[in-house]
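Same chain, two partners: chain A is paired with chain B first, then with chain C.
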Partner chain A sequence: MDTLRLTKDKLNDFLKSISDVQLMAPIVKNGRTSFEIIENPDAVELNLDDYTATIKKAAFPQNETLFAYCSGKNGSEIKDVQEMPKTVVFGIRPCDAKAFVILDSLFKGDYEDPYYLKRREATVLIGHSCSEPTNRCFCPSVGGSPAGQEGLDLLFTDISDSAYAVEVLTDQGKAIIDSAGDVLTKADEADKVKCDEAAKAALNKIRRSVNLENIHELLPSAFNSDVWKEIGNKCIGCGICTYNCPTCHCFDIQDEGCSAAGRRLRVWDGCMYPEFTVHASGENPRKDRGDRIRNRMLHKFSFYPQNLGYVACVGCGRCIELCPVNEDLIEILNKVREAVNE
Partner chain B sequence: MSNPYIPYSAVIKDLRQETEGERAIKTFTVDFADKKVWNEFAQKPGQCAMVGIPGVGESMISICSSPTQTGYLQFSIMKMGKVTTALHELGVGSAITVRGPYGTPFPVDDWKGKKILTIGGGIGLAPLRPIINYVLHNNKDYKGLDIIYGARSPQDLVFMEELEKMKKDGSAGINLTVDAEADGWNNNVGFVPQYLLDLKPSPENTIAVTCGPPIMIKFVLQNLVELGFGDEQIFTTLENRMKCGIGKCGKCNVGGVYVCKDGPVFSYDKFKLLLPDM
Partner chain C sequence: MDATKQLREAAEEILAREDVACLIGYEQGSYGFRVQPCILTDPGQTDRLIISPLCVNNLTNYLTLEQIGPLTKEAIGEQKIAIVVKGCDSRAITVLNAENGFSRDRLVIIGVSSPGVVDISKIEARFPNAVSPAEVTVKENNFVISCEGETSSIPQNELLASKCQRCKNAMPTVYDVLIGEEQPAKEDVFEDVAAAEAQNIEEKAAKWQEEFSRCIRCYACRNACPLCYCSDCMLDRLRPQFIRRSVTAVDNSLFHITRAFHLAGRCIECGECERVCPQSIPLMDLNRKLAKDVKELFDYEAGIDPEAKPLFGTFKTEDSDEGIL
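Right after this comes the complex of A and B.
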């Protein structure tokens, strides 16, 4: 499809042209960048390194009402509440867009999850390719790239201090470009070359990598290794790796209210907590932190690819960046590989 | 797109106290508030359902009635956590919710022409009861039914009336055991896995199905192998913490499967692949 050019001084005009839908974009809130629903495009901060906040909430909110109920004549009368607002997410990183593609496979699955899928259907993703990958990024190792297009409708790339190249990737993306009118101009050959060069330059700045060779078999073969205990000893079980992971999807279901009226909610949960798997009897199949890290690695690099066809990691490195005790996913996988090869 | 998270309204039609005490067990007989639900709710032996009370929550419970028992569902529920305790406080006529049926069933139709052996411990008899009732109802299709069942004490045995009736009319071989000697107990004393070895059932043309506490399942499986049962002749059914029931929430994930949708029924060859995480 087409490539267009947008001068940076017209970014506000472009964002203002996105009307009748809610716009989610990165803003600075409490000193950190986070994606929020914005009214005023002036608040958008696109060129920030701090992208620790995940955007998975656009389709999978941290708290979500599944339905409201009230007691009626024939037991509980249940009110389905699922109006999903049309949303444009602006400024999403390519790794986060790919995460949605990975999550789609789970939420489709054997049973379709209407909450996630309706939100996804109503969401357009406008990406911003990474010109300065962080020192924790390793997206190429898991099949991504700083200018990856998977899952995106439009992709913005910085081609100079004053302009973006805008690649149109889907019909939904094209519709947004069309409604923006002459805010954008057609990119010339020089712009396209700069766009390709920017992507290559960014790729060359990636410093970390992970060896995934045969990982889906390697991890199960290390199931009984002592290495998990060593890895688990460091973990404090805070769960920040799961909450900020763009592909972690585990959740809890909780009721709020009383028998007469209330609502059932879905809330994010994390496999790093012992309560996550504990039975009502007190029996816990994953008692130790090492057991839980092992399951998380197996889930992402063995079960998920085998069941759904994707490695459930996009190489964003947030789990590495945010871990308070410096657990490092790459080091964990390397240690396991060493343990198996010993 | 239908919404799998929205449960059906249901009503408790009957309650039977199976065992007393802090962890009492009651059997709930339940019908849907809207009879039309039966057109789409067709459970098979071994499947489960999410039983809930709005405002409290839901628990995954195995359906302990057989599809041959029509017009109602039965659940034998131990008073254990938040939801099951709240269920125990309800009376006949109370409204609850049900969604499902979930999971893989026991392949009872593939077992036609064979002898069926169930080995249960405590509340673990509940998921086996649909097999028992199904086989009894279709007894011409099967070569017989033997039941090995044990609990901590005589007071902890469930479905005793039914088991005694089967013993009396000879419709099934009934072998009961309790963990320790008790007043008035004339049956076997000892743990279920050992009792199984003592009884030495022949593996010939037999399917063995077991459910009970994890530690009991582990040793029963070992002992069945010792008795000469092949992996394809052995089945079990598992239970894990569950929330969604449809393979999304991640809680019941074990060894590459979700127990809610890929289980709860596993043949021994599949079960063996999961074993380390149990």
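Right after this comes the complex of A and C.
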């Protein structure tokens, strides 16, 4: 499809042309960055060094009400409370966009999850290529790139201090471009060259990597290795890695309320909590923290690729950056490989 | 002799003891400025140990996790655990000992007279490309930083963690071996709490509503806290479910306020809750206000006096009864 050019002083005009939908974009609020639904495009901050904000909430919110009930004249009344307005996510990183593709394969898999899929269908993803990858990024190791296109409808790339190249990747993306009218111009060959060069330059800045060769078989073969115990000793069992992971998707179903009114909802859950696998009897098959980390690694790098065809990691490095005790996914996989080779 | 060398020598001697099962310390992390906790069992492993202003974790947290070090509680038996602690960390041991959470007699404590630790997010913002192992030392009032082949010097107060900027107890209150020079404790006058206290109730409500609404309930604050160690935490209870699992401003507020009050007179101000929070919620603002109230009402500071009983395990007739209905 097409490549267009947008001068940076017209970014606001472009964002304002996206009407009748809610716009979600990165902003800085009280010195902190996050993706929020915004009213005013002036608030959008595209070149944030710190991009810890997770964006999976656009299709997989932390709380999702499945239905609500209240007592009425004729007994209980069920209320369908799903509001899934069309949402344009602007400024998403290519790794985070790829995470949606990975999640789609699961939520469209053996069982179609209507809640996720409805939100996902109502979501348009406008990406922004990374020009300054962070010191924990390793997306090329898991098949990604700072200018990756998977999952995106449009991709913005900085080609100079004053302009973006805008690559149109889907029909949904094209519809947005069409409605923006003449805010964008056709990119010339020089722009396209600069766009490719920017992508290559960013790729060269990524310094961390992990060897995933045969990892889906290697991990199960290390199931009983003592290495997990060593890795687990350091873990403190919080949910930072799972809750900030763009591909982690476990949830719990909860009922809240009383006989007069209430709701059933799903909330995020995480496999690093002891409670995640505790049985009604009190038995916990994954009682050590090492057992839980092993499960998380197996899920991402063995079960998921075997069942759904994707490694469930996009190399964003959030779990590495945010872990209170420097549990480092790259180091974990390297240690396991070493243990197997010994 | 530099502190790391001193630490390694002490550690080697301690780990060679028959009554010591393991040593919890710090080693080089996986990249850049990251340092990680490590658990050693063999005197031959002590060259992995380091101590520097990058050693941010409070390692006493490991004492009360459900599986200690490389061994379960059952396997360690009567053997002792050696542990490296900074000033604030050592206060956790005193509190744990006083409330029968973990006996000080089961520990060999390597105390480090701390020059203060670096705020990792601040230093990473200055050196965003740090991937190779970086080093930080203290020279006069500067941090000397070796990163990616270059050495630079930055005034300490620009990078120091906020808890260290206000710290009055850099010297461990309890230890068997001391690394570094003795430092006198100073009087805490809580100047950092004044601004928060000056707010009116509406301003406070609005501020904390906003802060708590960002919480994603990953429970890293609870799990990183050495004094949050109930084996049956009310957060995990289902019957009754004290705090709902849905992540709302109301439930989040209930969680954080409950936790803060549970730590009143117990929090030793290591700041781990605030450091680990992925949503940058200033949790120490709550803990500092409570510490000030406890000091003013009961003339008590958690974990300073190794002989002191827990604040809420004692009663004096002259105690303030303000707030009792």
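Side notes on the structure shown:
Throughout what follows, the second predicted complex is superposed on the first by the 333 of 342 C-alpha atoms of A that agree within 3 Å, B and C clash if a C-alpha of one lies under 4 Å from a C-alpha of the other, contacts with A are read in each partner's own complex, and residues count from 1 in each chain.
By definition in this document, a residue touches a chain if its C-beta (ideal position, glycine included) is under 8 Å from a C-beta of that chain, and two chains touch if they have at least 3 such contacts.
Since this is a predicted model, take the numbers as computed values, not measurements.
Partners chain B and chain C fit side by side in the overlay (superposition on chain A).
Within the superposed three-chain model, A:240 lies in touch with chain C and out of touch with chain B [touch as defined at top]. Within the superposed three-chain model, A:325 lies in touch with chain C and out of touch with chain B [touch as defined at top].
Of the two partner chains placed by the overlay, neither chain B nor chain C lies in contact with A:211. One geometric descriptor of the composite model is the angle centred on chain A: between the Cα centres of chain B and chain C it reads 90 degrees, in steps of 10.
Contacts of A:67 after superposition on the shared chain: chain B is touched, whereas chain C is not.
With both structures placed on the common chain, the touch criterion links A:254 to chain B and to chain C.
Overlay on chain A (Cα): least separation between chain B and chain C is 6 Å.
Applying the stated touch rule to the two superposed structures, the overlap between the chain B and chain C interfaces on chain A comprises residues 252, 254. The part of chain C that touches chain A in the complex is made up of residues 29-32, 34-39, 57, 61, 65-67, 69-70, 124-125, 128-131, 210, 214, 216-220, 222-224, 236, 244-248, 272, 275-276, 278-280. Of all residues in chain A, those touching chain B in their complex are 66-67, 69, 71, 74-78, 80, 82, 106-107, 109-115, 117-118, 223-224, 249-255, 257-260, 262, 264, 266, 269, 271, 276-281, 283, 285-286, 291, 295, 298-299, 302-303, 306-307.
Within the complex, the chain A residues that touch chain C are 30-32, 34, 49-50, 52, 62-63, 132, 134-136, 205, 207-208, 229-230, 232-234, 236-240, 242-244, 252, 254, 256, 265, 267-268, 270, 273-275, 287-289, 320, 322, 324-326, 328, 330-331. Considering their complex, residues 1-7, 9-11, 33-34, 53-59, 80-81, 84, 95-97, 214, 239-241, 243-244, 246-251, 253-254, 256, 261, 276-278 of chain B touch chain A.
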